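Listed next: structures, encoded as structure tokens.
After this come two complexes, each holding chain A, first together with chain B and then together with chain C.
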Partner chain A sequence: MDLINPHVVDLSRFQFAMTALYHFMFVPLTLGLTFLVAAIETVYVITGRRIYRDMAKFWGHLFAINFALGVATGLTMEFEFGTNWSMYSHFFGDMFGTPLAIEGLMAFFMESTFIGLMVFGWDRLSRPAHLAITFLVAVGSNLSALWILIANAGMNVPAGTHFDPDTMRMQFQSFVELVFSEDAQAKFVHTSVAGYVCAAMLIMGISAFYLLRGRHRELALRSFRIATLFGLISSVAVITLGDVLGRMDYAKQPTKIAAIEGLWHTSNPPYAPWAAFALPDDAKQENHFEIGIPFVLTPLITHSFTQPITGMHELEDQAAPRIRSGIVAINALKHYGDTHSSADLATFRAHEDDMGFGFLAMRHSPNQDTSAITEADLERVVHQTQPDILPNVFATFWAFRIMVALGGFFFIFFAFSTFFSLRNQLESNRWLLHIAVWAIPLPVMATEFGWITAEAGRQPWTVFNRLPTFLSSSSHTVGYMTFSLIGFILLYSALIVAEFYLMFRYARRGPQDHTSHDTTLSGLHNAQGGHF
Partner chain B sequence: MTAYVILKLLWTGILGFLLSALGLMVGMDMGVGTLLRFVGRTDPERRTMLNIIGPHWDGNQVWFVLGGGAIFAAFPSLYGTSFSIFYVVMILLLFSMILRPVAFEYRSKVENKHWRAGWDVAFLISGFVPMFVFGAAFGNVLQGVGYHFLWTGQYIQDESFWSYLLNPFAILCGLMSVALSVQQGGAMLMLRAEEPIYSRAKQYSSLGGLVAAILFVIGGVWMHSMKGFMLTAPVDPNMPANPLHGQHVAMVKGAWLTHFTAHPLLWLIPIIGTVCMVASSFCLRRDHVGLAWWLGAGSWIGTIGTIGAAMFPFLMPSSTAPDQSLSTWNATGSAYGLTAMLVVSSIFIPIILSYTSWCYHVMRGRVSVHDVINSHDSY
Partner chain C sequence: MFARFPALLKLAGLGAALVIALLFAVFVGDQGPWYFAWVVGTVMIVLISATGAVLFEAQNSEEHDKNKETQP
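Up next is the complex of A and B:
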């Protein structure tokens, strides 16, 4: 029997998380920048004023720099399912591969083909034709996000798929259920509008930098106003859809919602407090220190004053019978592979819904084989498997809180910015411009913490309640993983240095004076340092 | 023949089409990358070369992404197993592929000799390595790969990765793939560049076609003495996609040629491939560049077609557990999944082909060194 090496699983997870978070630094920016550029170019085509063409070209160039890294690091994401998660690909690929392939066919091809014309085609295309190309790039990149999030929603709430014992995998059975799953739709809107917030903040930050320096005033004021309106609307949408997602997790991923709220014991409506601050201890399964706001939790999650939210201890208790039943399912399934007997199949079908919990019990079974569990040993295995159903509470709890706090800040900040921008009082409120410059990286951070909340909160599963993460990885050696990890760290570090160098350089140089010589990176920090 | 069997066959055909398109379109850009330092002697010349593929490389690269995505969706077990087994080379391929988009975007943004020279090396690596790995992967698959499956569907690797890097047949296939990419990249440069890039590209690309033809013929002769795979008992093509049961396979010397012996018409495929390579090289010498480009497409189809004709129904045979070899019959997705993908592809592939050709049409005409230096938009 070949055992799964837990170190390889951990290293594979680490590599995937690192490369996904890295990829996700560029993608949200491009999602929003394309639409902002398209909006600006529309104004150019309608008014014919040169300034809008300059604006479109300038922001379009920043978009192209980010797009290059988004494409490059996106290749890694697509390949990693095959190179590092072979069992996952085998188990879920029939369904999961489809949205990924459609993303290539419908979206990625479109944005990548037309970005060439968008950058190179200014002199070869009529104004309306070039505008159409810019819109195609914008629609393409957002469609791309749609299919990726449909795939991701499939991992969190498997829809349109069923397990087939003859092929030992989840088979695709309904395209409509997959695409129109509530979870997929809400995730798509929440994530793409979060990308719009990132882009709005970037444009506002760079424009604010020019205003503080008194450069490119006309371009900066116009860009700032378009971006802050776009940002305000987007931040409202992010918050609304975030609330929808919370309700869905409550219904479909109770372990995730309990971990997000650090809720060890079932809540007691309507009084139940919402933990604004707590230090969850995963080992002891309790919160060390907690500041709660009473009467908030129940309406926040359930939109009612009466429904309780199940706590993590109670979820563990509810899992015990499912683990016992899951072990029966897995044993029957393994036997069925050899015999193909209808008796084994019937046993499996009776316990099928719990099969994931049987897989989970493999980790604590002798030689990772559930059929080797003796009658006397069963309760030990069940008992040890129970805590495994929970994600890392500390990480999920805090990632969520940081995301929410940042989200609230963006809304307030956009509201103030819009107010002063519409009253033409931006330049007399320099504090706002300073905040705008320093806030550039914050929305990107918020989306990263959002990813951690969603995906750390999904653990211990890659396919929720079906396939555990520790079974999903490829059977590599630690040596393989060390090789690829070192490579990724070196390559990605070099790329981020080059990216920041170019972005700063390009932003500092500005749209018109292409010939002016720029100074070093630290110039930006020195210029701001005096005011803070 | 049931609908599921037809779907399995169709998807095997589509896989061949995608691999040929990938070799052709990605190979063309990779060839330009490989040639960058040899054909372009000065910085403006190199920039001109990059700007020739500048508007198109991004779209072309998606053939690569789509190839991966289609294998994932239509052959999930093949995707998980092959990408994992070739882990070290796949990661090397990935690293070199990551360098490329970045190199395009960043190289010419800074006027510093060392910065640009560094990115030029990145282009060389990211042009040569992926095409070499692409070819070598076929070389390894033809020889069989050491793996078997557990009852859960998890693969277990039975060989060290060194054997995939350092075996002569794989190196031969890798070099052939590089030669084809040089031919195609050179042809693209000749279509769009002026002197002196034109003449230098002509030398390299016409040589590339000839080298590819020679390596292709050597590889064919080699297959005579190589162990191939064959089914020893009839298999049910309608079987559920599970490699653990239902196939009996033996490794036999020369087995890859049995299809050709049984159906002599199949010899047309390698013959067309070889003729295309030689004719393309000839046309390039005679300045019939457009025709040579399309003959290059024929070279790829002939090569991938030959491999497909030799191996069918095998996709990635196992040398340590031949009965568990992944094949057209046991490695595809479900009937529903294949149907869904077929509908989507038949809508979108024609659309993709038409807007791709339109983009080439918009950007037609020669790119001069002068234009590149004087444009703010160029790479």
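Up next is the complex of A and C:
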């Protein structure tokens, strides 16, 4: 077996992180804009007022621009699993490939088919039929996200799977168990509603821009009203599901939750402080300049005042026997591959749960071969492998805090915006409109930091406790990786520039003038029999 | 009898949709409570936002009427 080049692994990780982060700039807006457009179109169908048709068309075009570029960036990501992560694809492909294939066949085709009808069907379909199409596009785009997040949940908390020592792959035990795993459910809802927040802020920001400039007032006031209510409820849902995910990580990914909280030693309930600010030092395994809020950490994570949260030092100690057991599992697996003897298989089965820790020990084994570890060398390998079970604490800690701070800001901002919008006092509170304009990119940034928290916190594994990241990449050369990385960055940067250019141009130009059909309220009067 | 057939068919169709919706709610609510919460929550978010717009029209209309009354 070729020795694993750590530079190739790092470059593969960096390339994937870049492509995922680029792609994830488009995804949340797509998830949210579709349902927001559906909400606007619902008002059009109910009231019959033409301005809502124009609003739905205008915001629908912004969605279409975003969708086209999102697809372009997403397709390359799927191929990257095969080109840069071939070991991972071999090991976990059955589990990972199935949801991705369903996403392509079911959700993506559904979304793409109906988007054509949505954009070009305004004059060809009846009002209810077009509304149904818009809802189908919204459901389709969110179903795309559902299958991707089911696949991702399988990497974080492998459910419905077992390892087959004959094929050396993780294979399905229960597809239903994977689809309905708690982690998949909570991840999907958290990500989907975070997309709603992004879309709400985009529409509020652009509407605020029009109000500040005194343009498209009728469209802007209505759009702002719908978006702020949409955003307020969505922000509550994001916070609720974030809490659910935190408790799940506490139960199933203790290294992630310890890194998120910068918790080096097991907490002391109920006093344990929650670190609002700290500078975690990964090398020294301690925090500098920590500012904690007492009595917050335990109820925040465990929803109790008695349960302790295991610290990273204690998690390292707990990993030592698993590393020893994992080395036995890997050696037995290797022998079984040569002999196919039932004795080797029985030994492997007895230590199978710790297999991933044996893979992790390969990095510190002579020639990356665990069978070459001598009795005298075993404790050195175990000792060197122990810190490897932890993710990058500094990145995980701060990515989480930035996400949470932004999430809190969105809730407060939406609450104020809803208050002033319901009182029709938006235009007299220009400070709120200025904040709305400048806040447009913040929810997208929050989702990016959320993604970093989830994925950096999963390290050092691609498949949690099963397959380490350093064993998952393809055996490319550094030159090849550098070349493709530069290519990706240039291509994706061009796509981002194109997206911003098109969105800015379209938003600045604005919709058609609505004054011709906004001067009277006859449309609503007619539709509601004059009750308004 | 035949004239009523389309209406009966429509009623049966709506009834079937209702039964499917109930079965879906029971199954998804049991197997995947968060998926169910997403379905219900998204419908709620869309409807409340739409209601906000209808309320906007009502406020606008009221203001319009007030302005008319105050005009000489």
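Basically, the second predicted complex is superposed on the first by the 511 of 532 C-alpha atoms of A that agree within 3 Å, B and C clash if a C-alpha of one lies under 4 Å from a C-alpha of the other, contacts with A are read in each partner's own complex, and residues count from 1 in each chain.
By our rule, a residue touches a chain if its C-beta (ideal position, glycine included) is under 8 Å from a C-beta of that chain, and two chains touch if they have at least 3 such contacts.
This is a predicted model, so every value here is computed, not measured.
In the overlay built on the shared chain, the residue A:Thr462 is in contact with neither chain B nor chain C. In the overlay built on the shared chain, the residue A:Arg222 is in contact with chain C alone; chain B does not reach it.
Partner contacting the larger number of chain A residues, of chain B and chain C: B. Residue contacts after overlaying the shared chain place A:Leu241 against chain C, while chain B stays out of touching range.
In the superposed model, A:Leu75 makes contact with chain B only, not with chain C. Note for the complex: chain A touches chain B at residues 2, 64-65, 68-69, 71-76, 78-79, 81-98, 100-106, 108-110, 112-117, 119-122, 124-125, 164, 166-169, 171-173, 175, 334, 337, 471, 474-476, 480, 483-484, 487, 491, 495, 498, 502, 505-506, 514. By the touch criterion stated above, chain B contacts chain A in their complex at residues 51, 54-59, 61-62, 64-66, 68-74, 76-77, 79-84, 87-88, 90-91, 94-95, 97-102, 104-106, 109-110, 150-157, 161, 240-242, 244, 333-334, 336-337, 340-341, 344-345, 348-349, 352, 355-356, 359, 362-363, 376-378. Residue ranges on chain A touching chain C, taken from their complex, read 35-36, 38-40, 42-43, 46-47, 49, 52, 142, 176, 179-180, 182, 185-186, 188-189, 192-193, 196, 221-222, 225-230, 233-234, 237, 241, 244, 421-422, 424, 521, 524-525, 532.
Interface residues of chain C, counted against chain A in their complex, comprise 31-35, 37-38, 41-42, 44-61, 63-64.
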